[in-house]
Every structure is written in structure tokens, then in C-alpha cells.
Amino acid sequence: MTEQFEPIIIGFTCNWCSYRAADLAGTARLKYPPNIRLIRMMCSGRMDPTFILKALSEGADGILLTGCHPGECHYLEQNYKALRRYLMLRRTLPQFGIEAKRVKLVWASAAEGVRLAREITTFVEEIRALGPLNWKDSRAYNNGYGVAEVEVSTEVPA
Amino acid sequence: MSAAPKSEKERVGVYVCHCGTNIAGIVDVEDVALWAKKELGDDGVVISRDYKFMCSSLGQELIEHDIEIEGLTRVVVAACSPHLHEATFRGACDRAGLNPYLCEMVSIREQVSWVTTDKVKATAKAKAMVASGVERVIHNEPLDRMYVPVHPDTLVVGGGIAGIQATLEISNSGNKVYLVEREPSIGGHMAQFDKTFPTLDCAACILTPRMVDVGNQPNVELYTWSEVERVDGYVGNFTVTIRKKARYIVEADCTGCGICWEKCPKKVIDDVFEAGLGYRKAVYTPFAQAVPKYPVIDTETCIYFQNGKCRACEKFCPTDAIDFNQEDEFITVTVGNIILATGYDTFDARRIPQYGYGRLANVFTSIEFERMCNAAGPTDGEIVMRDGVTKPKSVGIVHCVGSRDNRYNSYCSVICCMSSLKFAHVVKERTDAEVYEFYIDMRTAYKDYDEFYQRVLEEGTHFIRGKVAEITDAARQPGEEGKLIIQAEDTLISRQRRIPVDMVILSTALEPRPDSKEVGHKFGISCSANGWFIEKHPKLDPVATMTEGIFIAGAVQGPKDIPTSVAQGAAAAARVLCHIGQEQIELEPVRASVNADKCSGCRICNDLCPFNAILFHEDLMVTEINQALCQGCGTCVAACPAGAITGSGFTNNQIMAQIEGMLMFSESNGMTRVAEPVAA
Amino acid sequence: MSDNGKPKFAMYWASSCGGCEIAVLNISEKILDVDAAFDVAFWPVAMDAKYKDVEAMPDKSITLTLFNGGIRNEENAYLAKLLRQKSVFLVAFGSCSSEGCIPGLANFSSGKDLFDTVYDTISTDNPEGIRPQYNWTTPEGLDIHIPVFSPTVRTLDQIVDVDYIMPGCPPESHQIAAVVELVIKALNGEAELPPKGSVIGAGGSTVCDDCPRERNIKKITKFVRIHQVENIDPDLCLLEQGILCNGPATRNGCGALCPQVNAACIGCYGPAADVADYGARMITALASVIDSRDPEEIESILDGIPDPGGSFYRFNLAHSLLHAAKSAWVGD
Amino acid sequence: MERITIDPITRLEGHGKIEILLDEDGNVANTYFQIPELRGFERFCVGRPVEEMPLLTNRICGVCPEAHHMAAAKAGDAVYGVDPPPTAKKLRELLYMGFYFTDHTTHFYALGGPDFVMGPDAPVAERNILGVIHKVGLEIGGKVIQARKYGHTIVEMLGGRKVHPCTSIPGGVTKGLNEEERQKIEDMGRWGIDFAQFSLQLFSDLVLGNQTYVDLILGDIYTHRTHYMGMVDENNHVNFYDGLVSVVDPDGKRLGKYAPHEYTDWVAERVEPWTYLKFPYLKKVGWKGFVDGNDSGVYMATPLSRLNAADGMATPLAQEHYEKFYETLGGKPVHQRLATHWARLIELLYSAERLVELATDPEITSPKFHTVPTKTPTEGVGIVEAPRGTLTHHYWTDERGLLTKVNLIVGTTNNYAPISMSINKAAKSLIKNGTVVNEGLLNMVEMAFRAYDPCFGCATHSLPGQMPLELTIRDADGNEVDVLRQFC
């Protein structure tokens, strides 16, 4: 049997809610797949689409954005900005041939360790189902490996 | 395009904590440490150690030693969550003379060992996270903690028991307090009550001395019949504008003798203090022991203000203290800290039509009943039905009216069980009526509460566990005529029951003030979905808010009883006094700042800051960020289309490098570096 | 240095439209200074010089090379490497060589896709599905060759090390004139050249900085297509009128020409300094000021931007973090 | 077999490549003129909003972005089925005339001029504008610069930018014209009429007055009997911005006139495996290879073609010269490629006259310069006459006005076949039995080539292909006053 695909997922967390939820999940010894790697920011409002594109271009297969529930942002309303940026980015990614589903936004309060662990587990499976994104290879390809030209030269003309 | 490379090479130390077996049990910490030295050497890792307990003094000394002897310029500690020990390790760096913000923690316990079962994968993930920490820390910049001087004066908003407590604590310590109260007198809801549970001592007897103290405390500047108009500035230095509504009384001349309200011909129903059960005059003080003693003229009902005649009060006032031409005053004060104790409102029982409040005469709300049994109240403490004479033969008390009900408020109002028990006791004490309590769960936590419950049980009150479905006057069975029938399912015997009574008391829910959102915005703090103000931390920081220098106390943060409100008032005061004592406050240097040269004045960011830290200079057409007001969320940093805003502590370079680090090594090739493609 | 002791100057177009050359010409009398200060060593449109002449030059013998046009085929890539080798200062001149420009939008498609479209249009008579052959033998029995097509459009700095970047489509003539002046001064030791890698001939902020339109606190409730606007207010910020304008994220230097004739900035000067991804800046900025908290309402507002990829990566797809669509490198 | 490769043909166009294959006897076996690049606008414009096409297709060519801007704008109007207000159309045409004025001026003085004024056999060093100035006087240089500046000023005034204008949108334009600007344009136009007449006078003095040149023009080397194409107004007069496309055969017989949306009935493009560029030909006649004659679908689209395909010019002065043109060259159609230079000057005069007509039109300053489209967008074709030939943009969109398909047949492309033929003919006539290939040959090839004023930037939507020019003006003491380079 072939080895199953292990996606790499970058998660962006809010210092006040989802990062604490991750702490809580740990303290409660909840188990979730090791495919996710979390980055802490002060607020989901710090979420810059650049970071998502960066992670995807560096080889991540999926991105999980997390923030406080609507109305409960520790900075009052910044998570709504995160929501809007997320919705707008999702409309752009497909034009790059990247499934919008590879980027997901979930709300998780500091108390919701269980929820966060569950969301992570679900997301890892969703990305596993989508398969690898492999953007790093594309960069290699475009950064001018000679073979790139040769490959196309044999392929393009009829 | 990757994070900007650093010119001079940093000397990075990596410390991998075993945390006993908490980490070492799953993550091969020795391997991680060795790997970091080998694979991240090119990135500046010169020392990489693993140690049993990094947070122990020996662990910390290890770091200090390496900084001093090995000349580390950056430190990465792979251990537990930064929320536990970031301060610890930053402290260690500080002691060794390294700027504390050049230290990064990566959480390989909460985020790796505790949540992962596969040891190989756990170790690989730990490595990736260490790499991200190293790549990030290289881009960390030394940050200086910010200090702002603290103005010793304090503003307390809300003159209920929580606000009074806070005011007294602070003023008694010798510091000035401005106490602002919306109503003509301080005292709040507590002043309306008759007795307080569980001790049953009279509310007025314990409250009024405190009110008087406030009135007499020279350090307190009391502004009743006043509201906060606007708040500018930041912790240590707020500028507050107070609107002092016109009383039409010259306070300097008024002795509070009371002749004016005796003589006033206009009698009006008092639906604030007396909850609509009693009367007051057009010129009035809400209650006898009001502080301050000066009355207020209610222009809505005053004959003179309505049709220009009368002026009886003016005629009879012995000190000519009436001034019909008085106007609202605006007072601006500077304070270092603010305590919000604006309390709660009660649920409008009309919203549950099947309970008949407002339709069925003898359905009362808890506040109405409080006034009724108050010796100073409209019935001189007599418990009577609406007709004002008949004593009830039976009384039904309904819990959770508007609480624990998804149609209204899902939360528990905390105090209703106890006040309902108190009502039952009072009814028993003053009448020979049968008392029926309808409850969902009986919640009598805290000292002596359950004992009080037992006592009421012994007094013979009937307890029916079940939510009341309906209160009606439609008699169906003999014995129901002329009565109020309470229909409920008794879930203990799982039977529908119809209890006919003469009087019903609805224990109405506590609700946030209707204007809590606006107030929150005015002070730059946030409300939860249901409108209670959010504390900085639900357990460890219950009276602070996300906004430095703004504290909350009492029911404004959520339903609570008097003891807790008092405790919170004192707690908030303690926090304020701590600030005052420090004379200056240290602020986290995680702040945003604008590069004026890069700012195009597009104004994209101008509406993004709920703390009003972003201001636009029309003349220069550039945006600036007030460092002290900025809370460091980074939203404007992420929004700036020109990349003109930097967020210290979480710069683009730091985060981009962190991302690179996490993806630099691939598990598929045994966590060795993925070669960057070379340009042909 | 050439025989006459003047430093050598070169200008080359790779895959470009020629607008950059026109812009250089439009500096009119400043051309005199170029002539006075430089000896034009290689400028295909202007003077006779074959590739072999350049190949013959000693390394670093050309002092200043303005390279415009993107890297679309092996010939472009070869010239890029050749001129890098021969030049002291290599300048990525204009949007194509620095950001990829409009032709960079080709990176949303594969090379195969491009060929299949172009050689099979409604007016193309090509029943045998002929495609250009990189190597072809003529009936006369000789092999003739056309350059191999690259999988994606690349920018100069993705091929070789670049000293300076001069943005714009094309760079505005007054900016070119200023740069020429600076370089000449520097050669005479009268001025300092900016540090390697700097963007030259542009401002340090974004287009709004130069835009005379009135601006208020941004709150966007709708996006409208410019041709659907009844009367464009000539004085109010276009974004505030719902017209998608890239001014806030686009480096200044042009003088906000387009907004001044009621046309939106389309981003030809590329991103501001230290910006990793231009499109991301537009997305995050616009999304931040959309005036709604309701996902459905937000989506309906976003419907006003029917082509986000094209609108936000119009001039810089080739230089974006993702560089191209997956199809471009997968090849179909 | 021997081969001669001219690669790159600098001073002709940026990357073009000519392969001349000789047979054993040293005679030309065949020539291959290759265009080595492609950008694929037809593909990557798909998905874009149609209102952006005037901005995107601008970038096909930085030499004549105005032409693409106009064709795209007209195609956009057609897609939305919207008829721009008269003022909008006139503003667009006004901008376009400004562009034509600059473009034709530059070409004649920069490229065509030297060949005639100095004579084709004059040494290369002299056969440039400098030589021209020495011969005819210093002040011309100043005038040429003035003419170019005026044209660019008009383009910037109406298009917002000197290169890549940005004001045309479906339904009209985004900016109107105020009285002050109008007055400026009128003045420049009037100056332009004088300049154009002066140029025609110069041409007749220098060229027509000189029998060798006349012989050269009428000589066989530069003659091809092909079909001709050009846009005409309702009176069959030459028009650059709007009208029907008229097609005439080598005998001058009009095969018909087609509306933009009918272009596919008339034009087809052939693909050859040895070049990226396609070869358009007349569909009705069919492709017979690179050959002359009534049966060959090869056609030409240049100033000469436009005159051949029309019945006259729409402005009085230009009309006079139109008549003189055919009298002098022996009736319609004129097949001699070098006559294109003369035809170009007649168009120069027309563009100046038209500038004044439009600038003095009472409607031109009206604030009604845009109509908001109301119909659902579908499909549309826009055609204008680019200086280098008929330019066709054809768009298909979805109901949101996003492009689903794009087809472009661009100016110079029309002339790819005839240019190849001219090169071939020039080579054949100049390389006989191993004649040493020298500068002379290249010059002759170059002359054959120049007549078309080819711009392969347009042609391939890929490759800049302007003719080079270096113009140096010196004062009496020989000091440089101004230097100007232009490649179109």
C-alpha cells in the first residue's frame, strides 16, 4: 500500500483566543494530527493575506485562520476585518489554480480547546483529500531550471 | 521575495526543555537540540542545549551564562506556552543584559508533546517549530518598554454600591476621585431594597452610612444628575468631559430643607426609584437619605416649565436656591484611571405576555416588591395587593423570568434565587400567606446562602421545580375564581399543576444597560454578545479591561450580588491605587507606528482602530498613531496598502521569517533543508 | 570605457511593447546629456549592433544598461545573462522587466494554452493544427530556428542579479530625465548612487500621495464598474465613489496621471517599497474598509470586483509571491 | 547550400530575423522572414473585464497604443451595444488624429525621407535626417520636433498620458475638453496644416522633381500587384477612426466593403511552422502562397493601400493631393511600394485638416461625453485604421462583461506576407550568381521594408518593431541643438 499524503498546514492564531484554546487543548491532552504548525499573532486582525500567500508559496498545503468569535474580539471588532480579507482572498486563489478550500477561517474562543482540536483534525483530512499543492516545486520550475524551457519546447509545438 | 536578510550574523542560543517527561516523553529533545545546532548553524545557532526544566533557576542560569560568556545575541526557548513562561525567560535575558524582546518561545509542550501520539512526527514538528523560532528571532528587534506618567486623580462612573466602594477605597487613601452618577442621588439599586440576603440586614442601614461617607469625603468630587460626555487620552492621562445636567437648584444655597417639595403642587408617579408604585413631586429627591441632599426639578412635569406659571418652590425657598434659568454645565477633568460601575437594568416582564405582567393587576416584579416591603416605601412596608389594602392569602414567586431562557437571556442572573427566597421569607414574616416558589434549579452558592434556603424551607414555603408556562386569571376549576392561576409542570413528580394565588412576584432577570454598547465605545472597551463588558481575563484579571487604565466593577461585568460587587469595587480600586503608587505605568512595547514618508494619506486605516489611536493630520495629509492609545492588535499594520505601518514585536519580517522557518525543512527528506532553487 | 573615453551605455528590449523606448525619447533635450556623457554601445532600435558584437565586449565594459521587456523566451533570457555579464549597472527598466506588466498576465495560463488559443482563433485557417516549431527544416533542406518559449513570463531579477529597478509602464519621462541626470552626476563624482537594489525614478509613497482628489475616512459599501458610473465626481477619491482604484497600493512617481482624468489607477508603477506581494496589499486594504460585518452582504459587495486576480495582479503577477497559476507550470 | 543570416535585423526591428538561402549558383533559393516571439494577448485577456481592454491592449504596442486603445474602445461599445454620444466619438477621433500627425511626421522625416532626399546610393553616414537637414535647411528639424510635440500634447490632453492613454471606456470617454484646451488644439491643427503642406512641397521638389527617384519609385524591384485594404466613410473617403473596410483587387476593382462584424467573411490567417506570426489573406480569394496577382489572397494595408481602396480624401487640401498623386503615378491602383511615402504625407495633411475640423466642431466641448451602457454585454468587433494597417479587435463576454474569447488582427500583421515578398524580391534582384552580399543589399532590403513602416510590436503582440531614427540638429557652428530618436 502506498504511504498516505501528509499535508503541511500553517495555522494563524489570535493570542487571546485560539492560541489559548491551543494551550487548553494541550493541557487537556486532546490529540490532533501533527500536520499543523501554529503561528501566534496578537489578533486575527493582524492577518495579512501576504502571510497566506507566503506560506502557500513556501510549500504549505493548507492554511487555517483562527480568531475570536464575532462580537467577542479582544480588540472589539478586528476579527471582522480578518473575515473580510479571508472572503476576498478566497475569491482570488482559484484564479491561481488553488482551491479556495485550502484556506479556512474558524472562530475559536479561549475556552474552546476541544473545538479547535476538532477543527484542526477535520481540516487536515480536508486537505489530505485535496492532495499536495507543491508550490515550492513550481517556484523551482519558474526560477529557471533549464529543464523548464526544454520541457515546454518539446511539448508545445504540434 | 523572502524576509529581508540580516546584515550582521546573530549568535542564537536554542534551549530545548524536557519539562520532565511532559515533553521528553514524546519529543526526542536531545535529537532536536543536536539537529538545531547542525541544521541551523548557518542561520546563526551557536549553542543548542536540552535541559530537564528550563524554567528552573538552574535552567535560567544556563541562558544567562551563555549570554554573558558565549555572547548570545538571540535566545530561543522550546518549552511550554509563552503564556506561562515568556516573562520568565525574558527576565533571564534581561538579567544577563540582553534585551528581553530578543527572546522567543516556541510551545513544544502544549502544541506538540501533549497533543501528539507519534514520537517521530512529534519530534519532526518540534524541529520545524524550533526552526521557525530561530528564523523569527533573528528578525526580532530590541524593544524598550514604554512608560507613561499616571495622573493621581480617578474617575468612577456609577454611584451604586460597587462605585461607592471603589470611590471610598481610593479617596480614603488620600487620592482624588470624581464620582459621576446619572440619577439625582448615589445609591443605585441597593438603595431601593428593603433587606439583603442572606443576613437580612436592612439595605438602607448598611448603605446610607457609605453614601454619607462619600458625601463627606473631601477627596471626592461628586457629580450626580450628570453623565460622561466624552473621553480622550489614554492610561495615566485621560481627559474626561462631564455633562452636569441643570438641577435648577443653586447647590451652594440649598440646605435640603425640603420645603420646596412640600410646597410643590405637582405630584407625579415615580417609576424610577419607586418602580411606579409610589409618587414624588416635580421637584424632588429620589429618597429621604439621598446624597447629595439637593433636589432636582423635573422639567417634564414641573408646571412652571410646562406652562410658565406656579414658581411655588421659588416663592417658598428660604434661601432663594431655585434658579429656573440654570443650564447644563460641562466640566473637563483629567484623570489617570477610570472605573466603570454603571450596573444593570432589570428585564421588562411585559416581554413574556403569558406571565400577564401589566395585564394582570396582581403580578409584580421583584423591584416592585422590593419597594413594597421597604418600610420607607409606598406602602410603608405593608405587603398588599394592587388595591393597596388587601393582604394576599397566597403568593407565587417565579424564578428565572427572562434568564436561562434562549428566547431572552441564556445566562443565569445569579441573584434571583436568593432574592426570591428572601421574598418568601419576608412574605411569611409579614403575612400568613402560603408561598409557592417556581424554580428551574435552586442556586444557592456562597457563604450562608444554602443555610438561608434551608431556613426558608423550614418556614413552610412550597417549592415547585418547573418552569412556569402561564399565569392566568381564567378559572377552570373550583377555587380558582378571582385568583391568579400559575400553570407549571412539577418536574419532580412530572405532573402539570395549577396553583391559584392572590399575588405573583416575577424574579426578573438582570440585563446590561441598554446603552452599554455606546458606553463601551465611548471608553474604548468591548461588550460580550449579550452586552456585559468583557474583562481582560475571566479568571486572572476580572476587573481590568483590554484598554489600559479602564477598569470595571460590579454588575456591569455580569450579574452579581452585593458582596461580589463590593469586592470588585475594592479590587478595581486596588488596581487603580497600584497604578497611582507606581506613578508611571509600563506599557507592552508591542505597538504600531507610521512611517510618515511612506504614508500617502489614503486614509484606508483611519477607521480601523476601535481605540481611536489613529489620527489623520489634514494639514500634512498623513496618518499618525498615538503610541499610548495603541493596543498592538496589528490590524492597521496588516491593512496599510503602502506598507507604511510597522507593528513592533510582530513585524512582517518576523512573521515572514517564521513562516519560512516552518517550511524550510521537509519531513519527507528527514528534516533536512529543502534546497532553494537556483536561477539557471 | 570606449575609445573616446566615454562610459558605455546600452538599452535593450526583451519581450516588450516599445513604450519604454518612446518614453526615453520623450525626455527630448535630456537625450543630449546622454549623448554627451555616454557612448551608445548597444541599442538595437537606435543603432546597428549585432549580438555577436556584445558577446565580444569585455565583461563589465558597459557602464549602464537599461533593460526593458519581460523574459518570455530563451533569447530574452540569454540577452539578460549576456548584458548582466557585460554591464556594471544593470537596470530593470519599466514594468515588464521589474514586475512582468500586462504580458505577465500570461502566467495565469500555460504555454500550451496560449499556443492553442492564438493558433486556433476564429479567423485562423489552420485545419492541420500547425504550431510554430522551434527547429524547422525548410524545403531547401536547411534548419531554421525560433527561440524557445518559456513556461512563464519572468522578471529580470528572477533571471539575473539586478542593480536598480525603475518602475512604470512606461516610466514617466521626467523621472527618466532625473535618473539620467543623477547617473551622470554620479559618474562625475558629484552625486551618490542609491544603494544596490534600490527603486529609482519613483516616489517613496503611493499614488494617493500625488493625487489631488479629496479623501475622507474610507468606508466602502459598494464597488461599481467605471463605465457604469453616471457622472464621475472629478474631485472626490475614486474609491470613495466605489470605483476600484489601485492608487493606495501603487508606488507614486507618475504624478497620479490616470486619476486626474477620471480613470482609476491600474497599478503600473508596482508596489511600494518592501512590499512582498502587491495584490495582497490591495486585497487587505480594500477588505479592511468594506463597511459590513455580515458575510452575505460582504460577498455581495465583493461581487462588484468580478476579476480580483486580474485587478490586483494586473501588472505584477510575474513578480507576485505565487508568480503564476498552477496551470502555467503544470503545463496545461 | 549557402545561407546568409541577418540576425537580429537591427535598424529594421528589434528581433526580426531574415534567412536568405542561396542555391549552388549563388542565387537566392528562398528567404524566410521570421518573427521570433509571441505574447498571447488573445489568451490572457480572457477573464478580464471588457472595459479594461483599452488599457490592456495598449500594451501590445507602445508605439501605437492609441490605435489599440481606440479599437478596444469601439469593440467595448459593440459588446455593450451602446452608441457613445457624438462628442465622445469626436474626442476619441481628435486624440487619434493627434497621434496620426505625430506618427506620420516621424516616419516620413526619420525613415522615408533620407532615402529620397539623399538618394538611395548615398553613403549610410549621410543617408539620415542630418543629411536631409544639410540639404534642405536647418529649420526643418525644428519643425519636425514641433510637429511631434504637438501630436503628443494632444494625445496627453485627451488620453491622460503620453504613452498608453487611459480615457476611453465603453460608452464614451472619462474626460471632456474645455475651451482653453480646444483653442490650443485648434491652433496646433492649423499649424499642422501648414506643416503638412510644406512637407508635401518638399517631397515634390526633392523627389518628383528628380527623374532618378521617380524611376526608382516606379521601378520593378519595389512593385507588387496585390490586393489593398482600407477603411472608408459613407462617401468612400479615407477614414481612420470609423466606417467600413473597403477591399480592392490589383486592378483597383472594389471587391466590396465590410462592416467590422463581417471581418471573418473577408480575412483569414495562415499559420507557418517557421515563425510565430500569422499571415492574414483575403478569405474570398484564398491563399496561393507568397505571390502577386488577382488570384492571390495576399493584400496590403498601409497608407498607399488606404488611398487605393478609397475614392478620395474627406478634406479639401488632402483631396487635391490625392488627385495629383494618381495623375502623377498613372492612375489607380498604385502598386509601387515606395509611393507609400507620398501617400503617407497626404494622410498627414488629412489628419491635420481633420484636427481643425474636430477642434472647431461646436459639440466638441459638450459635457455629454459618456453614455452608461444598459444592455447585457455579449459580443463585439472594433476596427480602426492603425498607421500600419487595419486593426481589428473582436471580443466575446459573459453577461457580466468578462471576456470569454478574444481575437486580434493587428496592423502590421496584414502586411507580413507582402513584406516577406518584398524582401524576397529585393534579395533575388540584388543577389545574382554569388554577388558579394554587402551593405548595399541590406539598404535595398531595408528600403523595401521601410515602405511598410512595419511594427512587429503590434504584429506579434510581442515584438517591438520600429524603424530607427537618429536626428541631430546642429546650429551654424555645428553644435548640437537637439537630438531626437524615433522608431516608427
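Worth a mention:
For reference, chains read A, B, C and D in written order, and residue numbers begin at 1 within each chain.
Note that in this section contacts are C-beta pairs under 8 Å (C-beta built on N, C-alpha and C of every residue); 3 or more make two chains touch, one makes a residue touch a chain.
All values derive from a computational prediction rather than experimental measurement.
Just count the C-beta contacts per chain pair and the biggest one is C-D. Remark: subunit A and subunit D have CA centroids separated by 53 Å (rounded to whole angstrom).
Computed centre separation for the pair subunit B/subunit D is 75 angstrom, with centres defined by C-alpha atoms. Averaged C-alpha coordinates give centres for subunit A and subunit B that are 34 Å from one another. Subunit C and subunit D have centres, each the mean of its CA atoms, that are 26 Å apart. In subunit D, the residues that reach two or more other chains under the touch definition are 47, 273.
Residue numbers of subunit A whose C-beta contacts span two or more other chains: 48, 50, 54, 77, 81, 85, 95, 139, 141, 143-144, 148, 157.
Listed for subunit B are residues 608, 635, 638-639, 652, 656, 679-680, each touching two or more other chains. All chain pairs in contact, by the document's touch criterion: A-B, A-C, B-C, C-D.
Taken in their complex, subunit C has these residues touching subunit D: 13, 15-23, 25-26, 28-29, 31-32, 35, 44-51, 69, 72-73, 75, 101-103, 105-106, 108-109, 113-115, 117-119, 121-126, 130-133, 136, 138-142, 144, 146-147, 149, 169-170, 173, 225-230, 232, 257-258, 260-263, 266, 268, 306-307, 309-310, 314.
By the touch criterion stated above, subunit B contacts subunit A in their complex at residues 81-83, 107, 109-112, 114-118, 121-122, 124-125, 128-129, 132, 520, 524-526, 528-529, 534, 546, 590, 608, 610-611, 631-635, 637-639, 647, 649-650, 652, 655-656, 658-660, 662-664, 666-667, 674, 677-680.
Every residue of subunit A that touches subunit B in the complex is listed here, in rising order: 6, 8, 10, 19-20, 22-23, 25-27, 29-32, 34, 37-43, 45-48, 50-51, 54-55, 58-60, 69, 71-78, 81, 85, 117, 136, 139-141, 143-146, 148. Interface residues of subunit C, counted against subunit A in their complex, comprise 74, 77, 108, 111-112, 115, 128-134, 148-152, 154, 158-159, 276-277, 279-281, 283-284, 286-288, 290, 292-293, 295, 298-299, 302, 305, 307-310, 312, 320-331. Only residues 77, 158-160, 204-209, 215-219, 247-249, 252, 271-277, 281-282, 284-285, 288-289, 321 of subunit C touch subunit B when the two sit together in their complex.
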